[in-house]
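Here chain A shows up in two complexes: once beside chain B, once beside chain C.
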Partner chain A sequence: MKGWNLKNWGHAPALAWTAVFFVAPLIAMLVMSFSARIDGKITLTWTLDNYRSFLTRADGTFVGALWNSIEVTVLTTIISVLVAYPLAYILAYRVPKNWQRFALVLTVLPFWTSYVVRSYSWLLVLSENGIINQFLLWAGILDTPIGMGNSRFATVLGFVHFFAMLLTLTIYANLVQIKDSYRKAANDLGANGWQAFWYITLPLSVPGVAVGAFLTFVLAIGDYITPQILGGAKEMLLPQAVMLQIGRQADFPLASALSMILMLVITAAFMVFAKRLKMERV
Partner chain B sequence: MTALYRWAPWVYFAAALLFIFLPVLVLIQFSFQSGLAPVPPFDGPSLKWWAKVLANRKITDGLTNSLLVGLGSAFVATVLGFLAAYSLARKRRRLSGFYQFLLMAPITVSYLIIGMGLQITFNYLGLGKSLWAIGIGHVVINLPLTFAILYSQLGEHQANIERAAYDLGAGDWRVVLEITVPMLWPSLLAAFFIAATLSWDEFVIAFLMSRFDVTLPVVIWSMLRSGLSPELNATGTLVFIISILAVGVVEFLLWRSRKHHA
Partner chain C sequence: MISSMGRQAISRRRALQAGGAALASLSFMPKGARAADELNLLVWCDHTGPGLLDPFAEKHGIKINSKEYDLPGVAYSILEQSQPGDWDVFVADTGDIMSAVSKGYLGELPDADMPWADIFPDLKQPDSHYKDGKLYAVPEKFGYNTIAFNNTKVTQEEASHAAVMWDPKFAGRIAIYDYYIPTMEMVAIGLGIKPQEITKMHLPAIKEKLVEMKKLSSLVGDVPTTQNALVTGAADIIVGGGEFAVAGLMAEKPELDWVLPNEGGVRWSQSIGIFADSTKKDLATEFVKYIVSPEGQGRLATADCYWAMPANSKANLDDDQKKRLRWDQQPGFIAKSYPYFFGDAELDAAMQEVWTEVLGA
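For the complex of A and B:
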């Protein structure tokens, strides 16, 4: 009975699940990316053609899509952090303790709306008759309404809306763990409010920012919905390029190669964030 | 200056809330649209699109499928996550670091890539697309979350209580079922509900792994592609209401357990 207890084998089912349904499919996809479609049948030929076509496609669609993706994602991540940090700070230090939980849940409530519908509802807000145009007309900033949907601006706005909530959660969770006594000690040693924030609170909240920013990066760069609904037809992001290969042409080898490139970018981002990401038990 | 210092946070807070709630409020308002156009100007209120949604078999079927996949995959992810968290938190191994890395790895990969990998693998093995296939994918993406949440709650404090139970003669299983699980109950529920809400709203894996039986996000997606209508707004509002109910349940349970422990 001694060998057959949870401490010994408890991790086995989860590891097996991850190995079979995560690691194996990734390997399958890697192999697929070196395959070719010959007469509509996919055969493993260890060709590099798929990667070559990523680089050399005459119209530059794929390299362009990668750059668009990186630009949109970096922009999204930075703006989301800038929007979320003050919000998390106010929730953690300005809202009275008894109300914090309620205020936090309220702040991230729209996080739970349908992801597809949330993107689409920005179209309502941004449309020519929408509330933003109405306001700008009323305020005299605009003479004629402008369509703000179907643009990179709309994509980034939709992303920031979602990820600012996610980042507020991770940063808040970090801020409330910083002990009051640290800031009090800084104050006793003569630091003013800004100095205490800059030298004590901000550095100690870096892990929360890093976790949230990393999740934002991964989820945004791989997202197909938001650019597809809000971005319009003017530019294409990498996930859209991948879906296009699967959907219209069933070109799995090329789609796999594009996905491997996407994974490479995410891995690079992980390296950047890795030092700051830590798992701790409380 | 002091007035600015006092009021600036609240002005910011209000502006942020406005930004966060704006699309949701507009969506809810236009679910009560009367005419055919799902966009402003508003010409309601009317309940006719709500009636259409509730009578639309595609939507109600999608809703049922989504709930089935969400609850089922969340249950599997929570059980697997708990077993792994317990085993890795309570026994040191040479490979502990590697196991943790492997369990957390799916969180660093886009859903699109996970979905495509599964699709290729299932194709190769000759397995069809189904709700089961979607559920399998959702366990993959939720396992890192349930594992991380539960692992973070299995610290020294809990270990000491478990040791006390061992000393009093309880066996392994009894300790887990009668000490660890009840102690972790709020976190287990939180992990379960977070996994369920993420799964039932997940699009890309569900889209790639489904053919005839589809989940609600996929239904909404195809509605969106076949033209905008206020029916979409009502469907979106419905999803929001159901998700909020789930969040409300979790919050209530967490609140009650905090009150007990305090």
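For the complex of A and C:
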């Protein structure tokens, strides 16, 4: 009867939520990925053709799209960490305690803007008539405007603008949990500020960085809107390949197979980050 | 006093009672009865604005719910996940109508009630609207996938040649419309191949030219993206653009222009029909009749989402609107344009494969 203890049912809502909104759709997508679209109808055939298509179809376009996705995502994650860490550090240790809450609100203000609006705004800023080109022309640095939008640079910039905020929050939450006494002890033992940061603060803040970096990786690699608006389809990323199957051809089996491959990449990323993912620390 | 009455009026118990009663009435009322005064449209974005819908809704005392879709696959996905009777009116590319009929989605329309005498002759396309002598859809709007351009950066003469699509002079200044049918058919026209003569044999040459064009382009995108590029100066030419991309903006931005190249262009058209499972077929048919009437056609042609030529030659349009739509030049445009060519399933799949490869190149 121990198994029926009321305490053990405390997890039930969370489990039910996960089962209904994650496990069931995932199973449906997995089953769909082994189906085929025959004469416009989706039929469960338990075929591996959709996975073969990923490797062989469209002159290797899908494999190329996966590589593009990984490159853009890794670049985004690295730059976002490099931008967010100093900001989080300043917020945690340099901004007076009674101003920190206000500073955090300012940091996440861009979150309040629609994702699509923010992407189109970047396109305007980066356009040849945009503020950056106009300034460079006015300052005499350029003779003719340069195209910065509709490129990988624009996609990564749009991603970094969004995810640096997310990373700032996770790193800040981690940094404020590190006791001041650790750094003071290091200082008492002769470490200068840089050494205390390098040997004490940085290692202890790695879980916050890892959590934020993992979230950034997961959200960026599955994002369709930003590369579609800012990338100008100059290169295809895997979510765009998925949408191409759904929007043009209603080929849900192939779209599901491509999505499952994306899930595998995310799982592999989780394995990499897993050792550092200490959720209780953030 | 007001405050006191207000509290009494919305006491928690009363609110719960009222909410419960409303919920109960909704739950036990048949779905059809609940929605008897509503019309559900599955349409392109030009059928969603109040300017077009409100006059009909007010006249019939109903509410119109419009669901916008942007790609054929999305429409079919929505339909596959819907219950019979969920939708009443469907708008699609004329070339997709027979596919919808063969899937059993569309119901018959009263042929005699449609203004065929006023429809531009080239748009009637009986093969795309009739099956076994029954009418399933009516043409309602058309336009061209050609060359839209900024006339301060590209001359009319330059834009009038199909070779402008791959002219190195405009490297980094070209936006390509991301829809395989019109864009591949525009390239075919530029290569001297009529769209309806495209075979799998022609696809390698079309692909080679498309890859060359992509390298010269600043972006490949949907209508808003390419339109935005032309407006913001990220591009001076939209390959596959036309009046639908610029006519609505020309009053504020006279530098935006469009032209049909001398070699010809691709003509698109969309048609409207009613769903076979609609529970409000009479009302849906009335809506179709409104859309193809002179009043509805004038409003549809100048819809907020995009402007384009009405199918009805008697559409209510003023002189300025007709000028922006190049009304007087239509006979010449129609004569030197080719309707969308939808190949058989095998050719269509091959074309989509080529398009995917170009996007990934």
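As a convention for this text, the second predicted complex is superposed on the first by the 269 of 282 C-alpha atoms of A that agree within 3 Å, B and C clash if a C-alpha of one lies under 4 Å from a C-alpha of the other, contacts with A are read in each partner's own complex, and residues count from 1 in each chain.
FYI, a residue touches a chain if its C-beta (ideal position, glycine included) is under 8 Å from a C-beta of that chain, and two chains touch if they have at least 3 such contacts.
The structure displayed is predicted, hence computed values, not measured ones.
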Contacts of A:Ile246 with chain B and chain C, given as first, second, both or neither: both
Touched partner set for A:Ala65, first chain B, second chain C, both or neither: second
First (chain B), second (chain C), both or neither touched by A:Gly147: second
Which superposed partner A:Lys234 touches (first chain B, second chain C, both, neither): second
Touching partner for A:Val117 - first (chain B), second (chain C), both, neither: first
Touching partner for A:Asn8 - first (chain B), second (chain C), both, neither: first
Contact breadth on chain A, by residue count: chain C or chain B: B
Which of chain B and chain C A:Arg57 touches, first, second, both or neither: second
Which superposed partner A:Val83 touches (first chain B, second chain C, both, neither): first
Touched partner set for A:Thr201, first chain B, second chain C, both or neither: neither
Doubly contacted chain A residues - partners chain C and chain B: 120, 123-124, 127, 129-130, 229, 246, 252
In the complex with chain C, residue positions of chain A that touch it: 40, 57-62, 64-65, 120, 123-124, 127-130, 145, 147, 149-150, 228-229, 232-236, 240-241, 244, 246-252
Contacting residues of chain B [partner chain A, same complex]: 9-10, 12-13, 16-17, 19-24, 26-27, 30, 38-41, 80-81, 83-84, 86-91, 99-100, 102-114, 116-121, 124, 136-137, 139-140, 143, 147-148, 151-156, 171-173, 176, 197, 201-204, 208, 216-217, 220-221, 224, 228, 232-233, 235-236, 239-240, 243-244, 246-247, 251, 255
Chain C residues within the chain A interface of the complex: 70-74, 76-77, 80, 103, 172, 178, 180, 214, 217-221, 225, 228-229, 232-234, 352-353, 356-357, 359-361
Residues of chain A touching chain B in the complex: 1, 5-15, 17-19, 21-26, 28-29, 32, 83, 86-87, 90, 94, 101, 105-110, 112-118, 120-125, 127, 129-131, 134, 161, 164-165, 215, 218-219, 221-225, 229, 239, 242-243, 246, 252, 255-256, 259, 262-263, 266-267, 270, 279-282
